[in-house]
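Heads up, the next two complexes both have subunit A, just with different partners, subunit B and then subunit C.
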Partner chain A sequence: MTEYERILTDMTKGLAPFTKGRVEVNENTELVGDLELDSLQIMELLLFVEDSFDISIPVSILPDVKTVGDLARQVEKIIGNT
Partner chain B sequence: MGLFTKFEGLAQGRAELGALGIDPFAVRIDKIISPTEGVIHGRHTILAGTNNYLGLTFNPECIASARLALEHEGTGTTGSRMANGSYSGHRKLEEEMAAFYGKRDAIVFSTGYQANLGMISALAGPGDVILIDADCHASIYDGCRLGGAETIRFRHNNAEDLAKRLRRLGERAADALIIVEGIYSMLGDRAPLKEIVAVKREFGGYLMVDEAHSFGVLGERGCGLVEELGIINDVDFIVGTFSKSLGCAGGFCVSNLPELDLIRYASRPYIFTASPAPATIASARQALRILEAGKDLRQKLHENAELLHAGLTALGYTLGGPPSPVVAVVLEGKVAALQFWDNLLKLGVYVNLMLPPATPNGVCLIRCSVSAAHTSEQIDAVCAAFAKLRAKA
Partner chain C sequence: MNQVSNVDITASATPTLSALPLRLADFDTLASALDYAAAGESGANFYAGNGKLASVLPYRTLRDQAQTLAKRLLSFPLERGARVAIVAETNPDFLRFFFACQYAGLVPVALPAVIHVGGHKAYVNQLHGLLKGCRASIAVSSSQLLPFLTEAAEGLGLQFVNAASAFDELPEKNCQLQASGLHETAYLQYTSGSTGFPRGVIITQQAVMANLVGSAYGLDVRQDDRCVSWLPFYHDMGLVGCLLAPMATQRSIDYLDTRDFAMRPRRWLELMTNSKATISFSPPFGYALCVRRLRPEDIALYDLTAWRVAGIGAEPIHIELTDRFSELLAPAGFSPLAFVPSYGMAESSLAISFAPLGTGVVVDWLDSNDLADNFIATKVSPNTGSSFVRCGPVLPHHEVLIRDEFGKPMADMHIGRISVRGPSVMSGYFELPEQTQLVLSADGWLDTGDLGYLIDGNIVVTGRHKDMLIINGRNIWPQDIEAIATRQPELRSVDASAVSVPGPEQEEVAVLIVQCNITDADEQHHLIQRLHREIHEELGINCTIELVPRHTLPRTSSGKLSRSGARKDYLLRQKSLSTSDPETLLKKA
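Moving on, here comes the complex of A and B:
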């Protein structure tokens, strides 16, 4: 399993409270389009991801994050830089 | 995708307001009568949403100073201080602000927004890191974006979360810029500055405090929360505005760091903006003298804030924070909040309506700002209007 796949697996599990079982989550799942997360829920999701991986996600990368896979790639990049 | 496609959401939002016949973002004050009274939609209205904390906008001494400057120095400076020169008033105001705070120097900016934009973007660029409280004002977020530094949010008013993020930075923490506010503009709550200073001492970094809503309001002399908590020397940069307590316009930063003067040469929002007009500078200087002369206005402001907070609490409203010059009422639902705001206006009370995503935690807020110039009768009238709407609900 690659680092990206490991992060994606952990993240998918962690997303359960945010999806409430309505949507099956994969790397192409859109946070806003599919999961219908509002800005507050996205903020909560980011805090959860940050604590889970013990990282801080810079505000500037957020416009590039549309899918679960995008977020996982950003997490991989941040982990790789620390 | 067309140039204006991105505005479709805004257009839809505005159309929804139009359908309700309510637009809280396009209020026209037909006539301004005093710091606390105006005419809106032909109705005499109590102004309780102006941030005019000390009520100095109609102060005769400030008006006389502004008038004198207008007559002797003209209507505007027509250029920036770097390209077109500083007027003596600009520099005198900086010296007076530095002396007021007991700091080495000060820079005056054309607005409070530009003070944040100018300071943050010049201080922290690519390769630098900024940690900001998640509830910081848009001007702070915009300053971070303009500078291009790595910007990390920490949980609102949570020094422990700040510490966690500084720890994650490792050696970079020593040069990080930490930014918080004294009083937060939406809920009126205060930063836990002593705890934040303790975290800064542990990990290093530079601390900037935006006292936009607390300059002139908190502290023995009105310096803000940094003074009230006795930590003025633990803060590296204090920024603020003249547009609230001082009743005019402009922004400032004070600091003991000798590098502050270099910011002038690196700050695009300082370099490429027309400097404050002479009348504005003159009224700010006069208002500062009034602030220095005594604390009677601050005492009256806090009495009024307590009165309004207690009145609304007694009516059963949920308030955003403890008593402060910003008293925010939390309401459920956007349409209900819009109608509530509109009904208050119809009852002759003007306040601010704050809706998500501009609000913390996605709440709808009826935001009142109290002034030292409010009479107790006006505060009672505001409470009476809220009581009428409570009875209707």
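Moving on, here comes the complex of A and C:
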């Protein structure tokens, strides 16, 4: 399992409370378009990601994050840099 | 965060006592207010997401750095009053640039630093609209956000667009600084994140200082007061209430980044506890976020006994929320009497009124029918009818009037348009004389756009006659939501009305009603999903989308779409849905 896949797996687990089992989550799932996360849920998701990977997510990465995979790749990059 | 140099990471926070005789904002200009504060020990402190103190900026250091930076800015050929756009992240750089403008006679403009997931294009468009609207000469951001700013500034011919650190490389102009004077513009405040319709409120030194004096007296600011804020600097409450007001009264303030607060709302209470802060403001949604995320086991860790002014305003206040917050945090020493309902807006610098201190949230219970049908506030017994919070008397040296639709003043307890006059009121919207005329009369009365009544000299806000939506404390213009709808290929320019309705917990919820001829369920679903996503990317809000057949949206007599009519019809449809078969007429997102 690559680092990316590991992150993706963890993230998918973290998303469970937000999806309420409605949607199957994979790397192409859009956070807003598919999961319909509102801005507060996005914050809760970022909190989960920051806490579980022990990183700090810069605000500047969010505009180019659309899918679960996008976020996982950003996390991978941040972990790689620290 | 991209922090400035010259910051000593090991420093401790600035003290609460400034060592100066307290002066309640009685200065001519922001620059002279900072000159005075700089002689003391107080200042601004910035906390990171992990709760640790990240940087300390005593007013003394701020003054010195701002003066140096002022000379660097003046190395460009700038006319007096030229606009300097600052992407307003919660860091010392924002303060340095804001006050550099004060010393250089330039006009700072705070740009939003809020970016939504997937919102790259939308954010760049928003910045572009604001840079263009204020005709900025210089624009600055953190190095992180610079790519967005640079992209936004393309084609606008600014003299310099760069990261804060790049300004340190500029030569200092050899000159005597001439600070922004009494009648000059202190700053431009953009009233909402509206991309299509940015309106920059012009606030002079005289106006903002009048407002700061009013606030200092209204809140009875004292020698031992200390502030905490997580409000963004591009928000009037964040800029005027939580940056300029503490500085002009020589108070120390502890800042938490807005996004860190949104992620970890309990940090606010931790910071209040640790710094023994006495003054902190928030829109209702900030208190609601705390209530939602409080863990019972944490409550004993907080000590909120020092918190004497818990300001609350910027959106409708509901007593259920303030009661709940008080009840939950009573064991931590929070007093319900600390709540200070406040009313204000950027067009009046910030504050228009504060409830009297030490009274907490006082509500009027009114007959709902009299309110809706006759526009009269008729009191009924508590816990029946509709409740509205008293926001106190208008600031000293200001006047308030309630007017009917023809502009005629109305008696107490009659609901009409709230208008305000006084020294805090704006000079107008920047380079938008027609927009200015709509709200500001020749004799100085500002039409606030709000509806309300007066009782015993108290202002009570009951609603809005302007169509603006307030979602989570942010102003959202319906035009922006509607523009997203009508640019969709399958929709036309008259196919959408955006309104807000009360949600399940009395918070405002945005609703977009779209008329179209699409009958295929799949196509309907895709349209709804696309609208939902684009509205979120651009405006950061969740919006309920309702599709209705063409010719459903009501129009005014002049043929324009009627948002109030659309809202009424929507509520009626919702009511009939909840009382009849939900499968009937509508398809809801």
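Rule of thumb we're sticking to: the second predicted complex is superposed on the first by the 82 of 82 C-alpha atoms of A that agree within 3 Å, B and C clash if a C-alpha of one lies under 4 Å from a C-alpha of the other, contacts with A are read in each partner's own complex, and residues count from 1 in each chain.
Here, a contact is a pair of C-beta atoms (placed from the backbone, for glycine too) under 8 Å apart; a residue touches a chain by one contact, two chains touch by 3 or more.
Please read these numbers as outputs of a predicted model, since none were measured by experiment.
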When subunit B and subunit C are modelled together on subunit A, clash or fit: clash
Subunit B versus subunit C as contact partner of A:Leu40, first or second or both or neither: both
Superposition-derived comparison: subunit B or subunit C, residues of subunit A touched: C
Partner chain(s) touched by A:Asp54 [first = subunit B, second = subunit C, both, neither]: first
Shared subunit A surface residues [contacts with subunit B and with subunit C]: 38-40, 43, 47, 56, 58-60
Subunit A to subunit B touching residues, read off their complex: 38-40, 43, 47, 54-60, 82
For the subunit B and subunit A complex, residues of the former touching the latter: 134, 141, 144-145, 150-153, 155, 165, 168-170, 356-357, 361-362
Touching residues on subunit A, where the partner in the complex is subunit C: 30-34, 36-40, 42-44, 46-47, 50, 56, 58-60, 62-66
Subunit A contact footprint on subunit C (complex, rising order): 49-50, 89, 113, 115-120, 123, 144-145, 147-148, 259, 262-264, 289, 472, 529-530, 532-533, 536-537, 540-542
